[in-house]
Structures are given as structure tokens and as C-alpha cells.
Amino acid sequence: MNFLEKLLALDRRIIFLFIAIAVALPLFFTVKLHIEVTPVVRNLHNALEALPPGSKVLVSLDYDPGSMPELQPMAESFFRYCFMRDLKIIIIGLWPNGPIQANSALEVILNEPDIKKKNPKYGIDYVNLGYTAGNEVVIERMGSDIPVTFPKDYSGSKTEDLPLMKGVKNFNNIDFVYNLSAGYPGTVEWVLFGVDPYKIKLGAGNTAVQAPQIYPYLNSGQLVGLLGGMKGGAEFEIATGHPAKAVKFMFSQSVSHALICFFILIGNFAYFATRKKKGA
Amino acid sequence: MRYKNLNRLLILTFFFFFLILPLGQILAQEDTLPPAPPTEVRASDTQNDNGHSITITWKLSGDDGAGKKDVVAYEILRSESPAGEFVVRGMVPAGNNTYQDRGAKEKEDKNYFHPYHDFYYKVRAKTLNSYSESGVAGPAQAYGQWFHLGKLPVFVGTLAFTIMVLAFISLARKGKKFYVRPLAGIDAVDDAIGRATEMGRPILYILGLGSAADIATIASFTILNRIAKKTAEHKTKIIVPCNDPIVMSVAQETVKAGYLDAGRPDMYQEENIFYITSMQFAYVAAVNGIMLREKTATNFYLGKFYAESLILAETGSVAGSIQISGTDEIAQIPFFVAATDYTLIGEELYAASAYLGREPLLLGALKAQDLAKAIVMISLASGAVAASFHLDFFLRLFTVQM
Amino acid sequence: MRRQLPILIVFVSGVFMVIQYFIPHESFEFIYEYAMDWIIIIGIFAMLLGLWSLTRASVSKVQAKAPGWGFSVMTLVGLATMLFLGFYKGNKSIAEGTFFMDLFWYIYTPIQATMFSLLAFYIASAAYRSFRVRTVLATILLVTALIIMLRLIPLGPISGVNQWLASWILTVPNMAAKRAIWIGVGLGATATALKIIFGIERAYMGKD
Amino acid sequence: METIGIWIAALLTLGIFSFLYKDNPFYKFCESLFVGISAGYWFVTTFWQVFMPKLADNLVAGRLYYIIGGVFGVLMLLRLFPKIGWLSRWSLALVVGTTAGLYFTRYLVSNGMIQVQNTIIPLYVKGNLSQTIGNLVIVIGTFSGLIYFFFSKEHKGAFGGLAKLGIWFLMLSFGASFGYTVMSRMSLLIGRMDFLLGTWLGLIR
């Protein structure tokens, strides 16, 4: 068996090894990768920039640990942005794990030096109202009464007693809704049961697999903007001027994508070369 | 010096109280003036609903969308008598002229909406710091409908399709022979079973992650039944690890029936059709192990598949198995196409049961599908042409209002 | 009784579900909601069948000292531990911070995430193995996959064109093909559902 | 607890990765533990989160209709006794019949009518060349794709040509989905690598 034939029947473990290296090695470097901010992300950022400080932003985290690599950086960058802009954060989850994901993102963000200087306070600058069962029905009920839908916050205090929740009755008192979604219930439900009946302003971050199904809502204007997968997350970090995890991870993405393309090309090269030989 | 300053202060105070303040108030009064009220308020039962909602419509206030007295929102108020106390039921942003006053259908719910009961409504146009109210509309009653008119196209479609299926099936019963074109994945099934027999190795059949009620899983049961019959004839072992207890129960029945059809009920071994766990990746981890340890010669993946499709297909290819796959889960078809030997794409999975059994009744239903497809294609093509000339007849045929 | 009654139940419940779709009235809504809950309840009872099957298979492997029986012991230990921890303190057993949840976070979640991440390796090896310009179809598959993947790699001046092409492929021809599959699946699934309701497709019922 | 937890998680992660080299006892250990834990977790959570609220709570509240569900559930369990096992078919029939009826309209509407509705688009958009081309491609692609799924006629002649065009469209779509999914799969691996190299070993931050 000559080299080309070996290449053609390459042991997949060699490919596995290269993939592992291509993903792991870039994590050690910080490279200024050129990432262009696409219009859908730009639109989301612009809509957020238009909110005056003190605006109340509802964040619904609808995912579980399975989608953490894609959505956790989006949660972190969004919280960072809100704290820097003095936007008030109200966290909920339509998935049982959502509020837990929020807490671990907050833990990271609240320890960043810039945010520490701002010193955001629980109950005044941000609240976590926890999870309520009921999927899209929860959204519907929030349209009429948020404190009734979420009577207690994550740690068990009464929602009405939280200073931030003073005067927050329903969606009319919410200036923006941001949804991180990995499936059902998620962005589709927020559009159908939140945007359509209550005219809320909605921006979303989705897993890459999920994102194409959400695009129609962007074109129709029901959705302000969308972060699609890790790349969307990275674009948002660039747009807000604070490159973080997603941008860093994008280097791994680029290298591993390039590696796969390279493998496909040499595979085809070997295929052609051996075929020619056989023909001769 | 001090007096001078005092003087200035007095003059300023004078100006403030007697000039600026009144002027400000005059200017501000523009804002506190009430806007023009909404007119032509109507309340009536919401159509096509369960009977716990009333729809209110109105003509927008003259100050909606322009001027200093700009309306920001409309509040909808309800009362049980025209002169009684009106309670706010909801609010919509300016520019909207309808509202559905909805409530729960459960009597014990505190938001219960009483059907067959007179209600009166008012609409209030609100500016930032003032409002004006419309006249009273009503009485209106909420009641449920017995047919959803918006779903009429679906109803017609349901009837038409059911008639087509039944008609073709009765033609098949009468003995009419139907032609169906060959399908590569189906032709491969026999070879794949034969290969396992030659090698003396088992066949692995995966029904996917669907529940026993998923249509794709049910289609897969029928295929499993045919394949089980063939394996019984060939005396080849078939392993069916399941991810749902009900699916496991049904799979046991199905395989048993296949062995019965082949006349070999004695060879049926229930312990080869077993349950592992319902959690996606734990199930996959175990199936991976089975493939490598049992050295299965042929793997079938037919049913509902999610992200695990590629893990299964690649592990199977490491083990050197022949693999035949099929799913209606659109996102997973590409991975099956890339990593398995034959793939039944979408509808082909449903057709497969008819192909394998060659049962006339099932083939009849397949013909009905084709007829429906032809109708869809014709409507699609003519609809697109018509739409180019701004005619929406065909579009309306397919438009469903929820 | 053994064969006819189940077929009748399928027919009645199937026809009811089709009809209720067209009837908004609350009386049908109530029955619909009950029926959906019954289905869920049946599923929960069936879980015991699953646990029984898993336990029986593992125990018989251990008893027979079949190859790898030690691993079946691990399965049984894992199962028993979770069942014990999940019930011994009543409904507080699965609150955040319990040992039950610790096992979920430190054993279940990492294994799950790692199994899922194997896809990164497999997607690469599948691409290498099957994306060859053998046939026209394989070539189309390969070229589009390459175009889409290249959008994540900075290519200088080509990047702009490639971005545009990638998004055009995703939104236009890709959409067209998906619609064809969707419509086909729709017809196939509705026809199968009809065959089930009318008792023509009944392999799933088994035989006596 | 957290440190021990992270170590256990890291070792299990490596155990699963070892399968990529070949099947081995370390993987088998992780696999069998995973199966046991997951089956237990699933049973316990379903019991507390679904069974109690759906059946027990409703019965306690006096909603006796739920007894019917319970009875069908018990019938399902009779499978364990071969002599009366056939009674479980009643429950099965209820499950299959109900969902078949449910899926019938669901597939007809969302897979059939809505998709057709979305595809009935003008073939010519005045003054907008790119949309005209786009619409044309969508209609032709959907149409020829459906030809491919036609079972009654052999793919020959002009019909075969259209079917071939249809399968080209399908392949293009598969290639696109494949390429598109690479990013999210890589994200998953990045997540695990970040855990191993960062959270566990502390090599990157």
C-alpha cells in the first residue's frame, strides 16, 4: 500500500487526534480574529443601545447544560452589557435549568473587575424569579400578571417585596425581552405568545441548529435581532466592544473548520491520484 | 453687595412665580387635556373559540398617532351592568383597535370567564397623563362555537384525503394491481439480511427515540415486522434495544408476530428485545457498546432520530456493519446520507412498509399519497403562476386561520 | 375481544381526535385535555416495565456470570442509588443541593455532554470518508458543505462573496428542498395515521 | 464536594473520550454507570414532576376522570403476566389511536398546507431581480423535489430528468445542513475541552 492509498483509507483515529488538537490548542491563544458583525446582530445591539439607563429587561433562559457551550457565553455577555449600561435585569426560565444557568453566568460576570466597580445589587439591579412550569402558558400569564405568575424569586423571597419589581405588573412595564433558547419552549413561543399579542420587543440568542427556523421571524420584524450559535455570540461581544469567551472560542471554530475542509480536500486529492494510476 | 444679591433673588423669585410657573402650566396643560375618545366601540362573542372570550373593537381616537395629546395606549374596561363599576381588563398599545377579553374555562379558576352572561365594555384612550372614555358598548355574551370556520380548508383536505385513501384501498381489495418504482434502500434490505446470515452474526434494529405513538415509529414497527419474518426464515438473531418502555412492549409483539408469520414461533427470544434507558445519550452509549461487542453485521436505523444519528452511524461503520437508515427528522437525514449505506429519505420511510410487505392494501394507500402529491404539485405550480398576476385563489385554498 | 376491541378503541379515539381539531367548543376541549393526560399517565406506568426489563437483563447477566457481568453490577448500583436517593426524603429528595442532584451534576451531566461532543469527531470523520467526488450527487453534497463551512474561516477578499453565497444557499435552494421533504413527510404521515385509525396498519398490535 | 465532583466529572469525560480510540473497560465502566444513573434519574424525576401532579394531585382534588387514566396505566403493566398480558393492548390502542388522530391534523396542517401556502409565491417580482430568481428557484426546487418522492412512475425521460433535478436539490440541502451543523458540534467539543483544560486543570482561563 503506497502513501496515497493509505491516505485514502486513513484510520479515523488520526482524524480524531487532529480534531482534538485543532480544538484544544487555539484555546491557549488569544488571537484577534476578524469577525464582522452581521446585520441581525447589529440590529439587536442597536435596539439595546436605544434603551435609556434604568430600563427593565426581562431575560428568559430556556436551555439546559447540553447547550451551555453555545448559549452560556451569550448569557454572560448580555449580563455584562446590561450592568455596564445600568439596565435592570429580571431573570426567568421556562426550562427548569434556566435560572441555574443564569446564576452561574452571574457568578462569572459579578467577579469581573469592571462590574465589581459598578457593584450591582440583588433586588435592585437584578432579580432571578426562577422557573415556572407551563411552557408557553407561562408567557401568556405574564402578559396579564408577572408577580402572580412568579410569586416568589429563586431564593424564595416574595416577588412583590423586591425593589426592582415595584411597579412591574405585566409586559407593559418591561422595556425589552431577551430570550436564550435551545428548543421548545423558546424563541418561537416568545414570538407567538409574547410578541404577537403583547407587542413586546424581543431579541434572542439560539443554538446554531435552531437558528434557521427562527429566521422567518426576523424578516417579518417580529424579532428585533438574533444571535445564531457561537458565531452570533462572538459578534455580539464584538458589537458591545467587549470580546470574551465566544470570540476566544471562535478561533477554535475557525481552525477546526479549516482542518475539516483540508481533510476533505486531501481525501479527494488522494482519490483522484489513485484513480488515475489505476486507469493508466 | 449683599442687598444687591437679595434684590436679584427677589426679582428672580417674582419672575419664577408669576411668569415662568404659569407659562409652564399653560404649556403643560396641552398635555393634560384629554384626548379624543375612541368611538364606535363594539363588543361581541369571539368567533371560533371555546366560549370564554369577547372581542372588543373600536375606532381609533382622533389623537392616536399625532399631536401633543398623543394617545399611548387603550385600556379596556368591563362591567356587568351599563351603569355599574367598570374594571380594567387589559391594555393594548396605541394603534390597535381590537382586544380579546379572555378568561379561563375552569370554574374554579379565579380568572373564570362566565359564558352566556351579559357584559358591558368601555374603551379608554390614554395619553401620558390624561385619558378619555368611550361610550358603553354591549351587552355582549360569550359562547362557544361548534365548528372552527378558519379551519375549513383543513376539513376539506381531511375529507378529500380520507376518501382518496379509502377509495384506493378498496380498489386494492378488489384485486387491482399497482405499480411502484423500485427503491434502492428497500432492495438492499434482503441483501443485508443475507449478509448477516452468511457471516453468522446478528442484526441490530434501532427504532429511534420516538414514542410508540410517533407516526415514524409506527411505520418502523411495520418494517420491523417484515424484517423479523425474514430473519426468522434465515435463522438470524435480531437485537432490538429500545429507549421507551412502550416501544419495547410493542417491538416484542411485532417481532413475535414476524416469527409467527415465518412459522418459527419457537425461535423467538424475548430477551433480545429489551429496554435500556430513556435518556438519549445513555441509550446511545449502550447501543455503541452493543454494536462493537456483538459485532452486528447489519444495522437498521428506522424511526425518529435526533443528534445521536451520526454517533450511531459512525460507530456502526467502525464495526464494519452494513447500515440502512431512514427518518422523517429532516435535520438528521444529511448525517444518515453521509454515513450509512442506504437512506430512506422522509416519505420513503413511510412507503417502506408497503414496499417490504407488498400488501395490496398498504400499496393502495401509497397510491393515494401520490394522487395527493400530484394535486399539491399542480396547485403549487398554478398557484405560483397565478400569484405572479396577483391572483390569490390557490393561496386561499391552503390558508388556515388558527 | 382480544383483537377487535383494541382496533375499535384505536378507531374511536383516533376519529375523536381528528374531529375535536375542528370543534373549538369547551366540551371537546375538556375531553381532549383528559385524553392527553391519560396518555401521559399510561406512559408513567409503562416506566415500570422499562425498569423491570433493564433490571432483569442485568441481573440475569450477573447470575449467568456472562462476559462483562461486572459492568451489569455497575448499572444496577447506579440505578439503585438513584432510586434510593430520589425517594428517601419524599418530594424533597430531588431539590437543588441534595446528593441526588450532586450525582446528576457530577456524573450524569459530564458524561452526557461528552457523549454529545463525540459528534465533533464523528462529523469530521464522516465528512472525510463520504465527501468524495465519486458521483454528481456526492459532489453536490461536498461542494455545498465546503461553501457553508468556509464561512467561518477568514479568507480575505473571498469572504464577502462566500458569506453571501452561503446565506443564499441556506435560504433559497435549501429551503426549497426542505419544503419538498416536509410536504412528502406530511402526506406519508397522514396516510399512515389514517391506516392506523382504520385498522389497516396493525403490525404494532402483534398476533396471538 | 466541588473539587471531588470536578475530578470525578473529568475522569468520566476522559473515559467516554477513550472510546474514540477503541472500546475498553474504562468506557464500559462509564457506559454502564451512565445507563444505571440515567434510568434512575429519569424514573425519579418523572415520578415527582409528572406522576404526582398529573395523577395523585388530581385524584386528591377529586377529579375522578383521572381514574380512567390510572386504570389504563395498570392494564399496561399486565404485560408482565403472560396469561392476561393481552389486556395491555387496550392501553396501547388508546395511546396509538389518540396520537394518530392528533398527528393526522397536525401533519396535514403544518407539514402540508402551511408549506404549500408558503411556496405559492409570485414567480415574477417587478423590479426585483434577486427575489424573482429566488422565488423561481424555490418553486422549481420544491416541485422537482416532490417529483422525486413520486412512487407510481419510474424515473425515466422528462419525468426522470425532473426527479434528478429534485435529488440534486435534496443533496444541496443535505450538504448545507451538514456544513452548518459543524459549528454547533464543534461548540460542544470546545465546551468539554474548556472544562478539561480550564475548570479541571486550570491551564487556560
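Note that the chains take the letters A, B, C and D in the order they are written out, and that residue 1 is the start of every chain.
Note that in this section contacts are C-beta pairs under 8 Å (C-beta built on N, C-alpha and C of every residue); 3 or more make two chains touch, one makes a residue touch a chain.
Here the structure is a predicted model, which means the values were calculated and not measured.
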So which one's got more C-beta contacts, A-D or B-C?
B-C
Here the gap between chain A and chain D, centre to centre from mean Cα coordinates and rounded to Å, is 21
Could you please state the distance in Å, as a whole number, between where the Cα atoms of chain B are centred and where those of chain C are centred?
16
Report the inter-chain centroid distance for chain A and chain C in whole angstrom, where each centroid is the mean of the CA atoms.
24
Cα-centroid distance, chain B relative to chain D, in whole angstrom
14
Touching two or more other chains in chain A are residues 12, 16, 19-20, 23, 68, 209, 212, 231, 253, 256-257, 260
Interface hub residues of chain B, defined as touching at least two other chains:
154, 158, 161, 211-213, 215, 218, 246, 249-250, 276-279, 281-282, 285, 293, 314, 331, 333, 335, 337-338, 345-347, 351, 366, 369, 373, 376
Mark out which residues of chain C touch at least two other chains, giving numbers and ranges.
18, 21, 39, 42-43, 46-50, 54, 68, 109, 111-113, 115-116, 118-121, 123, 125, 127, 129, 131, 141-142, 145-146, 149, 152, 170-171, 178, 181-185, 187, 189-190, 193-194, 196, 204-206
Given which chains touch which, is the overall layout a line, a ring, a star, complete, or other?
complete
Give every residue of chain C touching chain B within the complex, in rising order.
18, 21-27, 29-30, 39, 42-43, 46-50, 53-54, 57, 60, 68, 111-112, 115-116, 118-119, 122-123, 125-127, 129-131, 141, 178, 181-185, 187-196, 198, 200-201, 203-207
So, in the complex, the side of chain A touching chain D is made of residues 13, 16, 19-20, 23-24, 27-28, 68-70, 133, 207-209, 212, 229-231, 249, 252-253, 256-257, 260
Per the touch rule above, chain D residues touching chain A in the complex are 20-21, 49, 180-184, 186-191, 193-194, 197-198, 203-204
Given the complex with chain D, which residues does chain B contribute to the contact?
153-154, 157-158, 161, 178-183, 211-215, 218, 246, 249-250, 276-279, 281-283, 285-286, 288-289, 292-293, 331, 333-335, 337-338, 345-348, 351, 366-367, 369-370, 373-374, 376-377, 379-381, 383-385, 387-388, 390, 394-395, 398-400
For chain C, which residues are in contact with chain D within the complex?
2, 5-7, 9-18, 21, 34-52, 54, 68, 71-72, 74-83, 85-87, 91, 93-94, 100, 102-121, 123, 127, 136-137, 140-149, 152, 168-187, 189-190, 193-194, 196-197, 204-206, 208
